[in-house]
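In what follows, structures are represented as structure tokens.
Paired with chain B in one complex and with chain C in the other, chain A is shared by the two complexes that follow.
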Partner chain A sequence: MKGSNARSDTKTERRNWKGSGDYTSDNLALALRGVCKSYPKFELKDVTFSLPRGYIMGFIGPNGAGKTTTIKIIMNMARKSGGTVEVLGLDHRIHEEEIKRRIGYLGEEPCFYEEMTPLWFGGFVSKYYPTWDKAYFRATLDRFGIDPLKRVKDLSKGMKVKLGLALALSHKPELLILDEPTSGLDPVVRRDVLDELMSVIQDEKRSVFFSTHITQDIERIADYVTFIHEGRIVESDVKDDILGRWKSISFPLPVRMGEAQGSFGAGNLEAQVAKATAYVEKLLDHELKGVFMGHKIEGLTFSGITSVFSSSLEDKIAQLVGSMPRVAPVNLDDILVAVVRGNDAC
Partner chain B sequence: MGGFVGLVMMAAGSDGGVSIFGAYIMISTYGFATRSTYDEDKSGAYLFLKSLPLSDGAIVTSKFVSVLVVSVLFVIFFNIIAVLGGYLASSGIISSLGSAAAAPRTFDVAAFLREITLSFAIVFSMAIIVAGAYLVMFFWAGFAKANTYSRAILLAIFLFVTLGVAVAGRLPAVQSFIQIIETSSWVPAISIIISLAVYWVCCAVSISRVKAKDWS
Partner chain C sequence: MSILCIDDIYSSGESMHIQLSYSNPVPLYRQIVDQIKEKILSGELPPGTPLPSIRQLAEEAMTSVITTKRAYSELENEGIIVTRPGLGSFVANFTYNDLGAIREESVKECISELISTAKLVGISDERLLNMVKEALKEETKRYERQ
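Entry: the complex of A and B
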């Protein structure tokens, strides 16, 4: 079983794999390298990330970050202006039909012929997949509570998403690509969709790549996380590694250290705080340059979010400010906000 | 509805019945093409098809084939209705509808079909050329623009034909040309072959356009 809270041996294996640089096209479900695309007011630039087979990757970014464009490029619905895309080890343009036979896709807005029924769609889609499992499709419709004879136009948005998921899953795809599948759904339907995804990935060979701006969904089920912002990949790594590297750090301004060392000179507290603040700002420009994605100094406390946390960084900060910093974990939501807003996130 | 109106006109002995059928073949073929593309445009179903293991060529060709098949079915349907109308007109069963009821006479189906073949062939040819042009516009520029442009083209064709008949129809050269067309047995076949060629060129242009299109 994989997904969030995956088996520890699987995690270890994953880390070792990553460390040994053992990834080849054959063991990658998805690999994008230097993908670019330009629009008049938006640019996707040097998008590079990969997803090993058998894992779930959450693709996180705010609205307009480039998630849907990236997915449409993978699906060959949008034309890239540069870079390469390999799906299941195959070029996404040269082997488009073969790839689509082996993957399942659910778009942001499920698009169906409105007058047709779920049953008709099952029959129509099954013709294109040799591996179509009719019994599974009917069982999934039943499980989702979808009337197979009801016209699509009479289904709610949640039901349409579930129908799209049933269609995408019933040919047993090796890779499932989902574009914001839970966006706009109520919590109950969202839970149903995520539970279905969780059951899908019990099969170790299957991979899932799904975009969302709802980070709780990623926290629940993803093994890997890729952050995208303004058309650029900000982070792409194992979720637990990201959460291990991203920390919230806070420490009191080194007023007393300045007093002890005499480096701030004598004066009233207000002046000493101002000097300590200036000292910390100077650290951020030199010794701690690039360490914090966002920070703020409020009263006598500094707080910031870093993406490069390690025990040596902790020791270095302790040495520079004269006291051990307080380190707290952050969640993906905090990271997303830090990525998008920088200093305003703190 | 078109079949019924034309049927009544033919049964009543009017020559306008076949013209009505022709108009309905044109309108029905164009209407089917616009309606089916409207549905796809509205629901975004093309993206659904793009997500399936289908090539752009297969998706576009299936659309062209479906319009062609429906057009042929319309021609067959209206042919049957025309034969029925011709039979009713010749049998005098509902002669009271006609202004000049004639005595019942023998109805030769083969001769009647030969008589209407030219009209149906030309109408069918026009219908699929217009539908083909519409589909190229649809795959090129989307439903809204295709709908607007194609209506303008249809209006231009209508005015051209109407004015052309009124202005040039009386010229001796034109009249002799029309006579040649009416009496030549090869014209229907040539008309259909040329229109089918144009139709498949439209299909090929649409495929190349769709292959280069960005659906983002």
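Entry: the complex of A and C
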């Protein structure tokens, strides 16, 4: 795999490792701004995020958060009530036909004619795409271990998803949109799917957007992560930056604060703990207001999750409570739980 | 947490055998930097060796492109690798002195980490020095036994 072609990306990419920054819409695979949609019992509100070309974005949220609705709006399968959606720099409704030629889509539950074979589907789908690569389709079926002549009804669930992926990829789309591609699949098939997504973005012009509630998949391969909860975007950023900002912080209660040294009588320890607890709670309302997404005070220890970690926050806390806090990394799962549950997360 | 695969032969920058630990508090990009640096400083990857592209490395290590990109720019800033437009990234052409300086630098980093840990748990400077001396003695003994 060593070739000048595969390496030519290095020059442009080294300018800014974050890949974000001054992107014009031409450089964006996907851009949503202020997208709204109301259903009787559900509302999508001010959904704004963008994905630069050449990257993978994971779209995370609990069931019912609005992931599928958002994807349906992007695909123009549901109508938005406000905002703009640009796919590959084009308005998703005005240029729907062109966009659909240039993107690949795999829905949550791909529907197939059960009596037909993968090979037949290849021929069927290819008619809609001038860029269809027949050899690539056959090679992908082969790589996925799918028998091209077996009827779809005889394929396992994992095989059906892989067939859907092969069909979505074989016209070499510039953007691949996948709704929960890995849910309900065993770890081996999930790994195959993720490997395939990684190989798609070997071409720096191609991008992947996929929704999931399985955060481990995103933890590995996604460059960008967008969190959605109750129809609102909670976070959307470079994954490494999100993981750098979100930390779990704990520290011992400052029981000696303001007390004379050595005044730890058995009787007044309780009073001092209550005092220290009140002090920390006051901090949460003032100096540390809005810092913690969720926290708890248990025994003599405070612990909380923050989304705004920095070394200056660490110093500030150390100053306020009189000892260096213990800072530990969190994973996307922890963040998802913190976003959904707030104060009950700890 | 870095694992060296000494048996591998790097002739074309095809495989780096990076091992990433997602439970390690060290950021992923830093894990990549450390492992590549180790391979370079140990001489396993000699000057001029081509490295995989950031996308190839991301695919191989099953990690994000932005993570490998950040790792490479870090290595570039440290002067350990160079990127030639259109050609890719290579292990920098060190002189013997450069290599010595870089090696010394990475030892210095470890020492400052050691010092801050000692300060954190309240070990005096003198005690720390003695501990280092003892550890060096132990190491020499072990080496002699072998």
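Just so it is clear, the second predicted complex is superposed on the first by the 316 of 346 C-alpha atoms of A that agree within 3 Å, B and C clash if a C-alpha of one lies under 4 Å from a C-alpha of the other, contacts with A are read in each partner's own complex, and residues count from 1 in each chain.
Here is the rule we go by: contacts are C-beta pairs under 8 Å (C-beta built on N, C-alpha and C of every residue); 3 or more make two chains touch, one makes a residue touch a chain.
Bear in mind that the values here come from a model prediction, so they are computed numbers and not experimental data.
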item: Which of chain B and chain C A:E97 touches, first, second, both or neither; value: first
item: Most chain A residues touched (candidates chain B, chain C); value: C
item: Touched partner set for A:I242, first chain B, second chain C, both or neither; value: neither
item: Partner chain in contact with A:P329 - chain B first, chain C second, else both or neither; value: second
item: Contacts of A:Y129 with chain B and chain C, given as first, second, both or neither; value: first
item: Partner chain in contact with A:Q202 - chain B first, chain C second, else both or neither; value: second
item: First, second, both or neither for A:D223, with chain B first and chain C second; value: second
item: Chain A to chain B touching residues, read off their complex; value: 37, 68-69, 72-73, 75-79, 96-98, 100-101, 105, 107, 109-115, 125, 128-129
item: Of chain B, residues touching chain A in the complex; value: 39-40, 42-48, 50-55, 212, 214-216
item: Touching residues on chain A, where the partner in the complex is chain C; value: 1-2, 4, 6-11, 13-14, 17-19, 54-56, 194-195, 198-199, 201-202, 204, 219-224, 238-240, 243-244, 324, 328-329, 331
item: Partner chain A, residues of chain C touching it in the complex; value: 12-14, 22, 25, 27-29, 50, 52-56, 58-59, 62-67, 69-70, 72-73, 76, 83, 85-89, 120
